[in-house]
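Below are structures written as structure tokens.
Presented sequentially are two complexes of chain A, the first with chain B as partner and the second with chain C.
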Partner chain A sequence: MAMNKNKYEVKGARSTFRLVLRELGYFFKGAALNIFSPEFLVVFIPLLGLWEALPRLGAVPRTLVPPPSDVAMAFWEMLTVRNFLGDVASSMLKFFMGLGIAIIAAIPIGVLMGWNIAVRKRTLPLFQLLSPIPPPAWVPITIILFGIGLPMQTFLIFLGAFYPILFNTYQAVKDTDPRYLSSARVFGASELTLILHVYFWHAIGAIIMSVKTGVAMGLVMLVIAEMYGGRTGIGYVLNEAKDYFQISRMVVCMVTLGVIGWFLIEVLKFVELKLAVWKGVR
Partner chain B sequence: MVKKTLLALLLLLLLVLITCEKKKRNALRVGHSGGYLSAALYAAQDSLVNVDIQHFNSTSDIAYTLLLGALDAGFVEAEKLAAFAELDGFDQLTVVGKVTYPYGATLILRKGLNVRLQELGGLTIAVSEPTCVLLDTFSSDAKRLGADISNVKYKYMVFHAMLPALESGDVDAAIIKGTYAVAALQAGHSILYQNWEVQPGDECCPAILDQAALVLLSRREKLEAVKPFINALVFAQKSPPDQLRQSVAEHSVIPFEMLRGQPVPEFSLESDKLLETFIKHKHEDGDHDDHDHHD
Partner chain C sequence: MIEARNVSKFFSVVNEDRTADGITAVLSVSLTVEDGKILSLLGPSGCGKSTFLEILGGLQAPTEGSVYIDGVQVLEPLPSTRKEMDDYRRKYKFLSPLANSMFKNRPKHDIAMIFQDYAVFPWMTVLQNVVFALKLRDIPRREREAKAMIYLKKTGLADSLSKYPAQLSGGMRQRLALARALAVDPRIILMDEPFAAVDMLTRERLQDDLLRLWNETGITIILVTHDINEALYLSDEIVVFSANPGSIRNRFPIETPRPRRRSDPDLLVLGQRIEALFKYDINHESEYSI
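Moving on to the complex of A and B:
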């Protein structure tokens, strides 16, 4: 009996593993198809060629506009000598902590604000007052409150991502089609059921879209946060390279941030495809 | 009638704006990053005619703007000069002056902390390098004065990260170079120890070849136009020290009282020889990136 149970567990684990592998395969295939699509390559390759040719031909100063080949060499040097991967890992730790906290905080608050008018009236004005303050303006107060280092940097990234997610979630929940709510109520759905099964799922597309905006804002704040305190991270390397006129290194950091942003957007697109199936592929 | 008057007023306003913009375009454009080191500039500022002084947050921004020709002259940190000289287009620039400030080892205590030199044991002190002339000077002075610093904890970071670290309580004290002392006082911290006897020519890390803190660079084609500006700075530098401090207090947010007791930054003429010194030292140093390490 126990042997049979073990056999089924192993079989279940294997099929889960196979499923994960298959989904990963779909994800990477989809992402690769987006970036290596003929339509995009027709634009991208000539641009890359122009970028390589102009500094080499002396049309633009090479030390100020390094060609991609110089940038690639700087990237290799940073990987092997400077431990750039360590900087990327350090930045990603801060970024995911900030973004994660923003998602965990903003989605429930946004759902509650969209669902209940009493909650909305008590909280919305506060968020509307605070959200126009540009996140970089929080830096001095954040330093005083959290000191320099991880908590302060995480908080700044959180601030960057929090408001777009909050307001989009709130708006999407508020705009839930009343017919869905009435139908659910006819079947005796409680308010909790409505929140979990109607409001949330109606807003899921907008929520994922807002997380995409949050990713972009979070990356902006990551660079700003790493200007203060600590001596690791892509933002720190970027600023240091700017200060010491190492333009190739600067471009490496910019490209790295771009690639990270692109990858995360692809992940979110995949999540959207899995969770909001009814939206279809466009 | 009203419409015609409004139109005339609008045209007049446009004319005034165009004239102002034209006048500004003809003015000598000078970039600086402010602070106590700009004492001579502040003192000369009121007597300068046809000079458009622009404030930047970082001297590397001034450097890039100079390269692009959007500035005619600008003050750039001396420690960045050798790296800056490697960029294309630097040959269009020339060194015309410098601001020197004593390098001085300074121990800053975070605000609210009231200890004597003999009570530093157990505290965390920020220093730039394990083998830094400022730390060496401080250590030997502390020893000479009978202070036991054997159980002091050191935290290594760049100078500009030290003040935020003090602010947050990450460190209790910091050994900074003289140029940061005024900013530290401004933030409410206190100076426990200061020794201005750190001599130029010391090859220790960071290099103290010349106590130049800022270098004034000019675009070569603007040399003639820059000359009256430089003369004004040299003239302003001759003012009594307290007058220079007063100018800083008037043009910045640094109170006069805070500047008392601090040496006065000195503007003087300089040539490309200074640049050669920095470049030579950079090459002798094996072109190492001394800012290229992590905590």
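Moving on to the complex of A and C:
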């Protein structure tokens, strides 16, 4: 065993870097293969072709349904003239702040609620009362409290992502198989050890699943928050395009949001694969 | 030494028509187990023997009576009066009585437990499972792996250290559970139908493994089983449970010296007697219910 350890130490930082590169390679390959698989391309390319052809042939009015080529042109124009990447970056900043705070807050609270009935009885009713309020209903009061800007948008995204993560985590932790708890307790595990080594790992699949839901809800709230206030962001560009009736720009924003959502889900799938290794092996 | 004094366990259940019913899982069982013995609790399914084992292990509190391991009470009985209930709440606050403590890993008693469905952690590899158990017993970090390896070698798992339990066969998983239980050097091992889920050949091999390891370590083993032959082959004493309510029906000490043969005539005769007991109980019950 000691020899093994030495071997790892000698390898050092360079091999770690190489390992990270290799894992990244696996990730992008896996993600790309989902979209560019022959099976899906057979469906996807004709769909694109149809979308291109129908407006061009005049089957649908071209002013209302821009073909993909127009959308691509609009995308290029937005990138070069309007600094669209800046908007995307600003949106992502808000999004990750909101989602990050939601994850950091919801997972520990959810785990504690699932772990102990005393904690659950004191906190769960509060969340059950608050969670049915649709997050968009929070917009007016948030604007009054935080003003228009980053804190308000972050808070709204946080609200969207918080409840799904909280409730799924809580449920999964609560449903932990009592056999595992018993066997750890007989060995002398403290409650903290149980939380860190048993409850959490037993629930990890459901927790990652809930973060996926959180991502979806967070994107919804991102668009809503940016439409209501602020001067940057994808939602703002979308709203602006509506005012000027630039349909291809709207489509660019929508497609961008779709790609971001897809990418984040792929990232989470990869995280799940890495964290829940034991689920994949047979 | 394990000592159970008048242990009873009652459950209440709510029927479909919202009436309540009481179930007596264990009724006033008294039992003493000497150090270094193998004792089998034998009985039909649902006769309360597993519940009794969990009470011995401190995973369930008895309704009445108490269990002592080396003179220390395992879990106090559940409260029955309002005053007792208040005391109980004040004593345990928000932690359940089953919990060891909040932050410090510390077993209440020097026991290990093996379950029918293994209960090895599927998110840890073979080695990690054993190392985790050692960590819970406060073994210093650098000694853990070496110690785990000793027992993994003894149970023939040294080649699959980095495998996950899902990649192991049923027999190997049970051996892992055995290695994990033995690695912490317990004085008592409680086993709940440990070999019920594996095929017969594997079961016999596991029984031999268990006997060999028991010979080396001299621990006390309490084994819950519904397999008469297993009980005969392994134990120093067989305690036969009867169902409804679960209580001790008969006790059979076995003096046949080890190593035993499975086809030993004395054992077979005793086995037939126990089987006859079971059959009598079943017939009697059906007569009664008609």
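We take it that the second predicted complex is superposed on the first by the 269 of 282 C-alpha atoms of A that agree within 3 Å, B and C clash if a C-alpha of one lies under 4 Å from a C-alpha of the other, contacts with A are read in each partner's own complex, and residues count from 1 in each chain.
The rule we apply is simple: a residue touches a chain if its C-beta (ideal position, glycine included) is under 8 Å from a C-beta of that chain, and two chains touch if they have at least 3 such contacts.
Here the structure is a predicted model, which is why all the values come from computation and not from measurement.
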Joint occupancy of chain A by chain B and chain C, clash or fit: fit
Partner chain in contact with A:Ser182 - chain B first, chain C second, else both or neither: second
Which superposed partner A:His202 touches (first chain B, second chain C, both, neither): second
Chain B versus chain C as contact partner of A:Glu23, first or second or both or neither: neither
Inter-chain angle, chain B to chain C through the CA centre of chain A, in degrees rounded to a multiple of 10: 140
Partner chain in contact with A:Gly86 - chain B first, chain C second, else both or neither: first
Shortest CA-CA distance between chain B and chain C [superposed frame, angstrom]: 32
Touch list for chain B against partner chain A, complex: 58, 60, 63, 67, 80, 83-84, 86-89, 157-158, 161, 164-165, 167-170, 289, 291-295
Residues on chain A engaged by chain C in the complex (per definition of touch): 1, 116, 118-119, 179-180, 182-193, 197-198, 201-202, 204, 276-279, 281-282
Touch list for chain C against partner chain A, complex: 54, 57-59, 93-95, 98-108, 111-113, 115, 117, 119-124, 132-133, 136-137, 145-146, 149, 163-167, 184
For the chain A and chain B complex, residues of the former touching the latter: 61-64, 82-83, 86, 143-144, 146-149, 152, 228-232, 240, 242-247
